[in-house]
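Structures given as structure tokens follow.
Two complexes, one shared chain (chain A), two partners (chain B, chain C).
== the complex of A and B ==
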């Protein structure tokens, strides 16, 4: 009996250790269950692919120190510069973004060097953005190291930038009054274009809104799809596919998405724009330069944003309106550049277009809105 | 000889009353300081209790998720908190109920351990439960009132059921079944997963004894086991009927939410510290002894297997066992409770180990064990300070006052960056929210479609969390959602670009309030999940009734019967004074 006991103890001990080894060498990779599903045993640099994967996993865990120490070209820049390249500066979208995933594709390889294209997908507060990088991997003895392609941010030289812009202030009611009750007439706004389309298993309403007034307006657009019997099929609003702040005479495109409704079910569309008076200024002025419409397969509108003011814009929002040859809106799309807009420093942007839409686009119009930390209204 | 006399006090079993006094000395001051209020889930339980305090027979709570049913979570400890809150307020009521759970654990561990080891070792096990790292971790860091309330009830129930199965004691069956019913009314996860880990070894023990002593009774043993299982099953079905109805109609099919207790603790050592080192503490040193002694002593093998399975499950993703055994449930429940149950199953072994160490090394053992247990408990209690549930402690009273004035509570709200303070806020305000902390109770499609927890902590869930937040903000009109209370500026860009405006600020501008134009006042959401009136009636009577019945039955005087003392010590036996631990005496001590 005692011998059986010894055997049982031995079996349980070995089984426990064995199960731990199995769970560690082949960990559960379900991100649905485990927030740290990317964790792996270290030392994955025996092949170029392993070296890239290891580096990107370390970046995903924001383990800058480990990631930096394994770089082939770490003598070219500091760890802080490396981290700043990935996370950005000045409270940009990158600063607080989390790595949601990455894809790695080999481009070429030799005995001592290999090249990969890595696409890092970051999750930010306003959505995901891609960060493609071409990575060179070099052999160092019996292991491989990645040479990180650092993108150094331009430094703005000290200078004085004169500011001359329009500004509208609103005197609100006292704090003892119910906020939001405005004793003034709401700014006059008007829908100047509206075009429903059937797309992706749902209905998309595209349109433009004009602030006809001489004061700035904070605007929203709601839409209701009505069926044949007058019943409401669905209601949605423009959310972030619009510029909510319209200066006098300014036009904003809007897009409202309805999922799981077919256009054939819709008898009419009820659009309800609303506006309220709001303090506003024309600053910061953001110029849009080098705009270019790119054909398929990478159908997109690209260009550069230039912050012409003297203050940092933490997050910019670019909204494009696309028209066909008849001047009809065929699409509204937007994007958020991941880097902050420093004064007088161009930042690239790209607005992706559906392939079928890009062939119809004859002209376009781009506008920007901005967020500056501490200046939210 | 002098040394022998010096440990005379430890030769006899430590009186249970003294152990409970120790529990009071250790946990009393900590609970009087309301330390659990800093934990993850304490305010969640207080929020549920707050609802029961105001709407005892209506489990539909409109304050979270635009309305959800509290029948999705067994109510017993929260109902006791609600009852006591009418006298001492919610916070102290919680502390009293938690303390009662700690005392019940002492008693439960003692009684459960006596099935396996002698009374002296059982008393040591009970004493160890007072300083158990996993208990301190769950009470002060995790705030899992229901888990720590249900497990002791099962531990108290099982010895009675053992008596029925083994000795055909009908009164014991009644007591055991009612206690099991009360335990089920306290926590569903303990019922669905933990109860088996405790019950199967006990049944196996009874079976082994029957097999060894009176094989002819084998059929009766099986019949008694089946009868006990059926009776307990029926009682549990009845006492939680509204829960089963809710679970049947609305099974938890939402996208799983990641939890670090499912991580591999070697690859993610930060979680290994949190979910393994802290809860086990010095008990880790006893694991080789448990394996050794449990394997060598046939009588202890069922307990060893129970411990081993719970131990492996508690390791989360460190081994493939949890995923294999639990299947989809692995992605729904959290794993730290298995560690808790593993440590409870380990306590009889710990009692045995302590007994042998004290006998062999006398005061040196006492000193060493005291230091080890004290450090284990101390680190687990302090863990709430080193790794607080909220990175920043702040008051939500001003936010609640803002929501409660000027008709702001006619609309719903959501907080961003409040962490688990949202439960405290929900207790203090009349306004309803579209957010909440009870993920299994939520039905809003914007929330269930994404694998994220509370909206207030969206950013920590990455893309899934931010998509859920965007979806709910996009449908603000639908839910009468007019206010966003913002503590974390991280979310400001989303609010700015999606049409929300800052309208006020609180707490020296550390909390800003954002509003959306043209949102109609909130209206009740029509939900199929809303329980019927009769379900509310059952929910308000049966669970609390089960606990009252258990108290009446257990404290009812019972005939003295002969003590069945078990000794599995392999050390030479030493003279032992007359045991003073008959169960009735134990219970009289408790009641006194």
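== the complex of A and C ==
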């Protein structure tokens, strides 16, 4: 019995040493998808894949200096330009985003050059966004280096853009005002369309809200699903699937997602729009150009945002309403372009569409909401 | 015998708050006008404590029995039902009385709703007045209230209403012209004013014009007016849509100085339309890139 115990201890010790050796010689390559993977891989660029992984890990750690120094084409741009290509400028969504992960797929390879498609996933407060880049990797002596495909941000030439500003200021009732001193009236808003659908194991309420007043409105929409006995099954609001600020006669779509409720359980839907009067500006005006529906497999609506004003828009929110041939809303989706909107400079956007919805879409309407430092519009 | 005496004392103690223990010398007036001075004569001798509790008022005062208790005009201002207790040692006397609002209106609480409404709305505007005295007590006696609504074109609507239980109300029509109306309510020499905004309705038509500017086409609407001829207010969103080769471009432009203006790329065989709210405007077909 005692002899058997020694034997077991010996087997465990040999197995442990063996596993340590295996782990050292053949490290787990799946760690490459994690930008926080250890710096040990950073020194290795003996293969094109290693070079790409190393670079993306350095980017994930925001180690711009190390990442830049290892680039094959660093003479084409400065380290600051390289960093701002990844982290953005002008308080855009990118400036607040962190690299959450990446996927790397080889496209082709030769003895001196290889090409990869890297998809960088950035995490931001409004969700993740993808940043696909085609990377060329070249052999330099006994190691490989990545040539970074820098996307230079457009520079706006010095100019004067005349804008007639229009804004609404509100003086509300104060605490010193007597009882019965009326306040300014809340804007009148109206639900002009509503369509519940059963989707993905839950219920989705799609609709549109019109500001029929002559003043700007800050709007929200809440919905309650009621069962056959009148009991409330669930209550939700539209959160960011709506444009919260509506100028006079402007229409916003809204989408309210209820998880874990089936449409068959729902007897009625109680929708409650609410509005309040807010100070707002009618600018900036943003044109939505070259809108185009793309079929499956990458079903989406793509286009470009053109900021027609002279101000920088830090973050833009694009919301699309999609209708079938009968004019009924079949989907509401949104996206946030990761780059700031510079004056008169087009910025691309893409709104992803579920494949089954894409085949039903006959027409669509797109609107934008913009956020500027210290302002929302 | 002792048992009967104890029961009688207990009964008197219970009935004391309801005034049955009030001696004839403890004479409180049944009603007192808010903000008026009065006095109450007491009987007996020695020190006592007076408590007066009512709606929004409570006071405690040391008094001397046998002398009159004076209430100044500052003491009782809020209308309502009051209970007075005079406590001397173990003996308590009580009385109940009402403080009523004065008969003279001193203030109006005027609520005009809505403060913003479309032109030409019959009975679309309501005015409600609460007539109050100097101490903000509701005057329940009937009072005549005059309502006047002056519209932006200079006309005036007038109605007279009499308060019921302190409240008078009317319904008025909104003005035919857009702009600010003054809605006044008056009773006696008290006058209160509210601003009511008459706003234009939907645009009656939307018409745009275009001219080329290089590669771009400049689009501008005619001044937008509702069907009563009122200018649609600045800030109203006008949507321009250009459809071309399976793609489209849209711009939501706010009206400024009555017109909406934008520039779009002039694409060959594009169709440009314009709309504001639910009102569709005309279409322009671009030929040959212009």
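Just so it is clear, the second predicted complex is superposed on the first by the 323 of 377 C-alpha atoms of A that agree within 3 Å, B and C clash if a C-alpha of one lies under 4 Å from a C-alpha of the other, contacts with A are read in each partner's own complex, and residues count from 1 in each chain.
FYI, contacts are C-beta pairs under 8 Å (C-beta built on N, C-alpha and C of every residue); 3 or more make two chains touch, one makes a residue touch a chain.
Not measured: the values here are computed from a predicted model.
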item	value
Partner chain(s) touched by A:9 [first = chain B, second = chain C, both, neither]	first
Touching partner for A:166 - first (chain B), second (chain C), both, neither	second
Partner chain(s) touched by A:373 [first = chain B, second = chain C, both, neither]	first
First, second, both or neither for A:274, with chain B first and chain C second	first
First (chain B), second (chain C), both or neither touched by A:237	first
A:213 touches, of chain B and chain C: first, second, both or neither?	second
Which of chain B and chain C A:287 touches, first, second, both or neither	second
Contacts of A:249 with chain B and chain C, given as first, second, both or neither	second
Chain A residues contacted in one complex by chain B, in the other by chain C	178-180
Touching residues on chain A, where the partner in the complex is chain B	1-2, 5-9, 12-13, 16, 19-20, 22-24, 26-28, 30-37, 39-41, 93, 96, 98, 100, 123-128, 178-180, 218, 220, 222, 235-240, 242, 244, 274, 276, 278, 314-315, 317, 336, 369, 371, 373, 376-377
Contact footprint of chain A on chain C as seen in their complex	109-116, 130, 194, 199-200, 202, 233-237, 246-254, 256-257, 262-265, 276-277
Chain C-touching residues of chain A, taken from the complex the two chains share	164, 166, 168, 178-180, 182-185, 210, 212-216, 247-251, 282-283, 285-293, 303, 308, 365-367
Chain A-facing residues of chain B, complex	255-260, 262-264, 266-268, 271, 291-292, 294-298, 301, 304, 308, 311-312, 315-321, 323, 330-331, 406-407, 451, 459, 462-463, 466, 470, 473-475, 477-478, 489-499, 501-504, 512, 515-518
